[in-house]
Every structure is written in structure tokens, then in C-alpha cells.
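Below are two complexes that have chain A in common, paired first with chain B and then with chain C.
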Partner chain A sequence: MWKWLHPYAKTEQTYFLCQRLFPWFAFLAVIALLTGCVWGLAYAPADYQQGDSARIMYVHVPTAILSMSTYAAMAIAALIGLVWQIRTADMAVAAIAPVGAVVTLLALLTGAAWGKPMWGTWWVWDARLTSELILLFMYLGVWALYHAFDDKQTGGKAAGLMAIVGVVNLPIIHYSVEWWNTLHQGASITKFAKPSIAPEMLWPLLINLFGLAMAIGALALLSLQNEILRREIKRPWVQKLGEQA
Partner chain B sequence: MQGFITQMRRDMLLAFRARAEVFQPLLFFVLVISLFPLGVGPGPQTLQKVGPGIIWVAALLSALLGLDRLFRDDFNDGALEQQMLSGASLPWLVLAKICSHWLVSIVPLILISPLLALFLNLTADMYWALLLTLLLGTPVISLVGAIGVGLTVSVQKGGVLLSLLLLPLLVPLLIIATSAVDAAAIQLAYNGQLFLLAAMLLFSLALSPLASAYALRVSLN
Partner chain C sequence: MNPRRKSRLTGVLAIMLLVAGAIYMVLSALSENMDMFLTPSEVIQGKNGTVPKQGQRLKVGGMVIPGTVTRDEESLKVAFSLTDTGPVVRVEYEGLLPDLFREGQGIVVTGTLAAADLVIADEVLAKHDEEYMPPELAEKMKGIKHVKPQDATY
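Showing the complex of A and B:
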């Protein structure tokens, strides 16, 4: 059943898979983000209470949702690395960590920009903001741990274990922080029954969500390619690539 | 199990012979706490309000300071490799090290806490809550900390990295423990918080020795 997966334990196969997949991800990301942003920022109706400043939602909400999903993706890669000892999965952990950290940082910055006109302050110690901040620290921890090792093979395994420990802890952190303090408005689009958001505002949001997911995928693929090249620089196939370039 | 007892006896003996090193986190703990009244002002009301948080943050930091010793000395002189090769079950050995670390570097902090409660003007109710949260919560620091130390033991100058890895994971501990003391300050029941802390303790007790043992195997290849 897993036969199709095993070839990708070889770095060379994974490198060329990334190369083949990258244009698709990049193309979909550009199209969706352009559509979503133009629709959301120019044509969607303004919020009746928050006015035009609510339009930052089309950037903020996708980054906030995907910062968590990216961590989940990183933890899944780490689990694959831990269970099947696949080296490329550990490389993927190291490749996803900086991308996830940037997305989390974007969520925090756009959130601050939204908070200033709405709550009258850049930052409050609210549950969601705090768990997002802790998430950022956890990404940075995984990333720093990977780069602390000279031997990247050990570093990859260590970062993978750290990512898994983090994913076990994330729900505990999330709920303890939630219990501690909450001011943030509730989620509007995760309710499956009936979203509490107008459909003409929901569509650009969903398109942007999809676009950003594709963009994160594309960046992670590029980052994984770089990671493979850095780690396998002495291999003949990398040398050959270098000669061709 | 035999390995557990032997390992624990050895670690306690080593700690007893290096007493000066053991007292450093304790001194750090007292010093950090006596800095706060100087920083936030000596008003008894203010100190009572921020006291539980200060004691818990200081306990976290001084525990992190002492955590480095958990595996590092044994790693540097090669004893750790011998222990791993000895055939005894590694999670048990790790658990023995964690227990002796808790007894040696954290129990003194708990013993000195009545004095600090006086410094920070805590009421008797608050102090009992603080003591209970410290008893249930500090083993979690040692247990979760062991994973981080196991991962960073072969890294040169891993101290700052260790705090970057561990402090985010210990946030729930801080929140729940201080909320128990806050509840005690206004005469409310804090059983719920204590149960949560106990759950975290059991959860980390079950998983941390396995994860730390794996972390050590990764670090030592």
C-alpha cells in the first residue's frame, strides 16, 4: 500500500517531485490570491459595524487559520520521520518551520493592525492572541533547535521530536489560555451548520484561504528543495545540477 | 527497576557531594524574588496581587537553570553512554534522573517558599494553595524539561535554546497554578485547578520518560 511513498525517501526523487509540483501550487496561489484580494478589498460589501477596516479580515483570517494548519502539517511530517525514519520527512520539518513562523508573524501583525481601530489598542493579552504568540515561539524553537546542530541528520530528528511534543501540548496551551482570558470575537466561518458571515463576504475569504494555503505549499516546496540541496551538496546528482545551471 | 534504584542512589550521592552547585538555583530563586519588591514598589497590596505569579515565574526560571545539570555532566564524562549501553531500560534510568533532579534542585525551592510568602505578604490561604500547586506542578517542569535537555545535551551552549524550547510548553502550568492561588485569595475553591495540575503531572509522567529516552538516543546517535 505504501509502495508509492517509498521512492520519496530518496532525496533525489523528492527534489524532482517538488520541482514538478511547484508551478501548480504557485499558479493556483497567484490566481486565487489575486481574485480573493481584489474581490475582498474592492467589491465585497463593507461591514455594517466595523466599516472598511474589517476588510483586513481577508488577509488576517487566512493567515491565522493556516498558521495552525501549517504546524499540523509540520507535525505530520515529523511523525512520518519518527515512525518510518524517513530522512526527507525530517527535512520537510526543517523546511516548513520558517514558513510557518512567517505566517504566524503575519497573523499577529495584521491582527494588531485590525485591533488598533477596533479595540483601540495594538495588543491585548487575549486568549487567541496569546496562543498565536506562543505558537510563534514554538515554530522558532523547532527552527532554532534544527540549526543548533552541526550534524543536520541529528538536528532533523531532534526538531521532529520537538514538533511532536509541541503538537501534543498545543491543545493544552490553547485551552488553558482560553480559560485564562478571552476578548477576541468568536470564529465566524468554522461553524459548519450556518456560517455567521454574509455569503458575499465568505467567498473572497474562502478563495484567499485557498490561495494562501497554496502559497504556503509553494514556499514549503521551495524551502524543502533548498534544504535538500544544502544537505546533499556532495552527491553526484546535485553536482550535475550545479554544472547544468 | 533495579536500574532505577541504583541510578537514583548514584545521582543523589553525586548531588550531595557537589552541594555548592545545588544551592545556586536556590539562591537565584530567592534573589529574583527579592528584586521584585524593589522593582514594582513595596506596597503590601501590590505584592499580594503579583506575589503568586512572581513566585511561579521565579520557580520556572530557577528550575530551568538547574535543569542543565540533568544529563550534561554525565554526557560530558561519558557516563551517559555507558548507562545507555548497560542494557537497563533507558526510560527507567531517565525517570530516576528526573526524580533525583526534582528532589535535589526543586524541593529546596518548595522548602524555602514559606519565607518568600512572607516577603510577598501572601495570606495563609494563598500560601497553602501555592504550596499545593508547587508540589503538583514542579515535577511537571522536571519531566517536560528532561525532553528538552535530552534534545540539547549535545549542543554547545544550549542554555538559551533550552528556555526557548521549554518555556512555551510550560505556559499552561503557570496559568493554572497562579489561577489556583488567585482563587484561594478570594476564598474560592481551587480543587479544579489542582485536579488539572494532577492530570498534567500524570500525563507527563507517562509520556516524558519515553520521549526523553528517545531524545537522548537522537542526541547520542
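Showing the complex of A and C:
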């Protein structure tokens, strides 16, 4: 069942797979983000309570949701790296961490920019905001731990373990708004019931969500390619690539 | 799966379970302090058997009861009543209110408990719900008419 995956344990195969996939991800990301942002920021109706300020959700909600999905992806790579001891998976962890950190930082910054006019404050220490801040620290920790070791084999193992342990934070972030009294409102679309958002506002949001997912994928692919080159610099196939360039 | 991989997988899963267990215990021990605010019922009737003392700093979150907002003509002083299901807490505040402050709106105030049911607030934050819809739909569904803050009548 997983036979088709085996060749990609070789860094060379993964490198060229990334190269082939990148244009698709980049293309879909640009198209979707352009459509979603123009639709959401210019054409979607304003909110009945918050007016035009609610439009920041077309940026905030995708970054917030995907900051968690990206972490899950990183943790899966870490699990594969630890259990099957595949070096490429460790490199993927190191490649995804900075991308995820940027997305989380964006979620926090856009959230603060939304909080100021609506709630009346940039930041409160409620459970949702605090757990999202911890997610940022987890990303930075995984990234720093990986680079703290000269021996990347050890670094990959340590970073992978930290990434897996941090998964515990994901359900806490998601359910924080239900378990505790928070200033942050509950979930509008990531729940099993019907979304609490009008369809003409939901569509641009979903398009942006897809577009940002593709953009994160594209960035992670580039980042993984760089990490592979950095670690395999002495291999003949990398030397050959260098000669061609 | 060969035995070495299996043992590594169980090792990793065991670590995860241990960490999850530890965090669960930490969170349940802290659970009463994790809430950002008390509800008006908790201020009056107490939470887990402890009623907040007068002079204590606290955060109270509840809904502004329509018709209870009174403003001072000369200053920025404003007073309103908060409720969740029954008991009512009166709030006095001097300063700018957030744009979303309206009658019937969820509000979180930070301040000092001056009497059993009176909070002198130094910060008022608005809490909004997770429903987003255009104004026309809101008027049709909920009978809420969107009023710009400067046009509010209270």
C-alpha cells in the first residue's frame, strides 16, 4: 500500500518531486488568494454588527486555521522521521517549522488588529489567544532545536520529539473557546453544525483558506528543497546540480 | 512493521500520552483560574463556594441589559447593568467604550468590586458572537437593525 512512497525516502527523489510540484502549488495559491481577497475585501457584504472591520477575517481565519493544520503536518513528518528513521522526514520538519511560525505570527497580528477596534484591546490573556501564542513558541522551539545541534541527525530527532509532544496543544487551541470563558468567540466554520456565517461571506473565506493552504505548501516545498541541498551538499547529484547552474 | 520500529512507535506514543495526561492534570487543576472572567451569577452567588470579596479586582462578563445604560451629560461617565441568566451586576465606568458596545451586547469589564453587586470598571471590552451575516439578513432573521455607534440613541 505504501510502496509508492518508498523512493521518496531518497532525498534526490524528493528534491525533484518538490521541483515538479512547486509550480502547481504556486499557481493555485496566486489564483485562489487573488480571487478570495478581491471578493472578500471588495464585494462580500459587510457584517451586521461589525461593519467593514469584519473583513479582516478573510485573512485572519485562514491563517489561524492553517497555523494548526501546518503544525499537524509537521508532527506527522516528525512521527515518520522518528519511527521509520527517514532523514527526508526530519528535513521536512525543519522545512515546515519556519513557514508555520510565520503563519502563526500572521494569525496573532491580524487577530490583534481585529481585536483593537472590535473588542477594544490588542491583546488579552484569554485561553484562545494564549494557547495560540504557545503554538508560535512551539514552532520556534522546534526550529531552534533542529539548528542547535551540529549533528543534524541528533537535531532532527530532538526537534521531531518536540514537534510530536506539541500536538497536545492543538485540541487545546481548538476547544479553548468552549472549555473556558474567553473573550474570543466560538468557532464559526470548523464545527460539525451548519456554519454560522452567511454563504456570500463563507465562499470567499473558503477560497482564501484553500489559497493560503496552497501558498504554505509552495513555501514548504521551497524550504524543503533548500534544506535537502544544505544537508546533501557533498552528494554527487547535488555537485552535478551545482555544475549545471 | 519490524520490532524495532514498533518499539519506537510505542515509545513515541507513550511519551505523547504521558505529556497529554500531565497537561490534562495541570489544566484541570488550574481550570478555575483559566476562565478569563466571572459571570454576574458567579459574582453574586459565588463560584465553587467562594464569593468574591468587596474591594477585590475581577473581570465580569455578561450581556448589557437593554434600557439600563445611563450616561452623564457632562463627562464620559457611563453606567449599565450586566446579566447572564438571573442576577444583575451594575457597572460604572468612565472612559471611551468600544465600537461594539451596545445594549444586548456581550461585554467583559475589568475593575474593582465596590459593593456586592457593583463594579467600578477601568476597562470595558466588547465580546461578539461567532455569527457573521450581512445587515439585511440580520434584520430579516433576528430583527436587529445595524446602528452606527454615533447614531445610537442611548
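Throughout what follows, the second predicted complex is superposed on the first by the 231 of 245 C-alpha atoms of A that agree within 3 Å, B and C clash if a C-alpha of one lies under 4 Å from a C-alpha of the other, contacts with A are read in each partner's own complex, and residues count from 1 in each chain.
What we mean here is this: contacts are C-beta pairs under 8 Å (C-beta built on N, C-alpha and C of every residue); 3 or more make two chains touch, one makes a residue touch a chain.
None of the values given here were measured: they were computed from a predicted structure.
Visitor: In the three-chain superposition, say which chain, chain B or chain C, touches more residues of chain A.
Guide: So, of the two partners, C touches more residues of chain A.
Visitor: Figure out whether A:45 sits in contact with chain B (first) or chain C (second), or with both, or with neither.
Guide: Only chain C; A:45 stays clear of chain B.
Visitor: Just to be sure I read the superposition right, which of the two partners does A:200 touch: chain B = first, chain C = second, or both, or neither?
Guide: A:200 sits against chain C, while chain B stays out of touch.
Visitor: Of the partners chain B and chain C, which touch A:172 in the superposed model: first, second, both, neither?
Guide: both
Visitor: Between chain B and chain C, whom does A:117 touch in the aligned arrangement: first, second, both, or neither?
Guide: second
Visitor: Looking at A:158, would you say it contacts chain B, chain C, both, or neither? Reply first, second, both or neither.
Guide: So A:158 only meets chain B here.
Visitor: Classify the contacts of A:239 with the two partner chains as first (chain B alone), second (chain C alone), both, or neither.
Guide: A:239: touches no partner chain.
Visitor: Let me test your reading of the model: by the given contact rule, A:19 touches which partner, first (chain B), second (chain C), both or neither?
Guide: A:19: touches no partner chain.
Visitor: For A:180, decide between first (touching chain B), second (touching chain C), both and neither.
Guide: In the superposed model, A:180 contacts both chain B and chain C.
Visitor: Report for A:144: first if it touches chain B alone, second if chain C alone, otherwise both or neither.
Guide: First partner only, chain B.
Visitor: In the superposed view, which residues of chain A touch chain B and also chain C?
Guide: Touching chain B in the first complex and chain C in the second, residues 161, 165, 168, 172, 179-180 of chain A appear in both lists.
Visitor: Show which residues of chain A lie in contact with chain C when the two form their complex.
Guide: Residues 45-51, 53-54, 57, 79, 82-85, 117-121, 124-127, 161, 164-165, 167-168, 172, 179-183, 185-188, 196-198, 200-201 of chain A touch chain C in their complex.
Visitor: In their complex, what parts of chain A are in touch with chain B?
Guide: My answer: residues 134, 137-138, 140-141, 144-145, 148-149, 151, 154, 157-158, 161-162, 165-166, 168-169, 172-173, 176-177, 179-180.
Visitor: What part of chain B is in contact with chain A in the complex they form?
Guide: My answer: residues 147, 151-152, 154-155, 158, 161, 164-165, 167-169, 171-172, 175-176, 179, 200, 207, 211, 214-215, 218-219, 221.
Visitor: Using the touch rule from the top, collect the residues of chain C that touch chain A in their complex.
Guide: 5, 8-9, 12, 15-16, 19-20, 23, 27, 31, 34-39, 61, 97-100, 108, 123-139, 144, 146, 148
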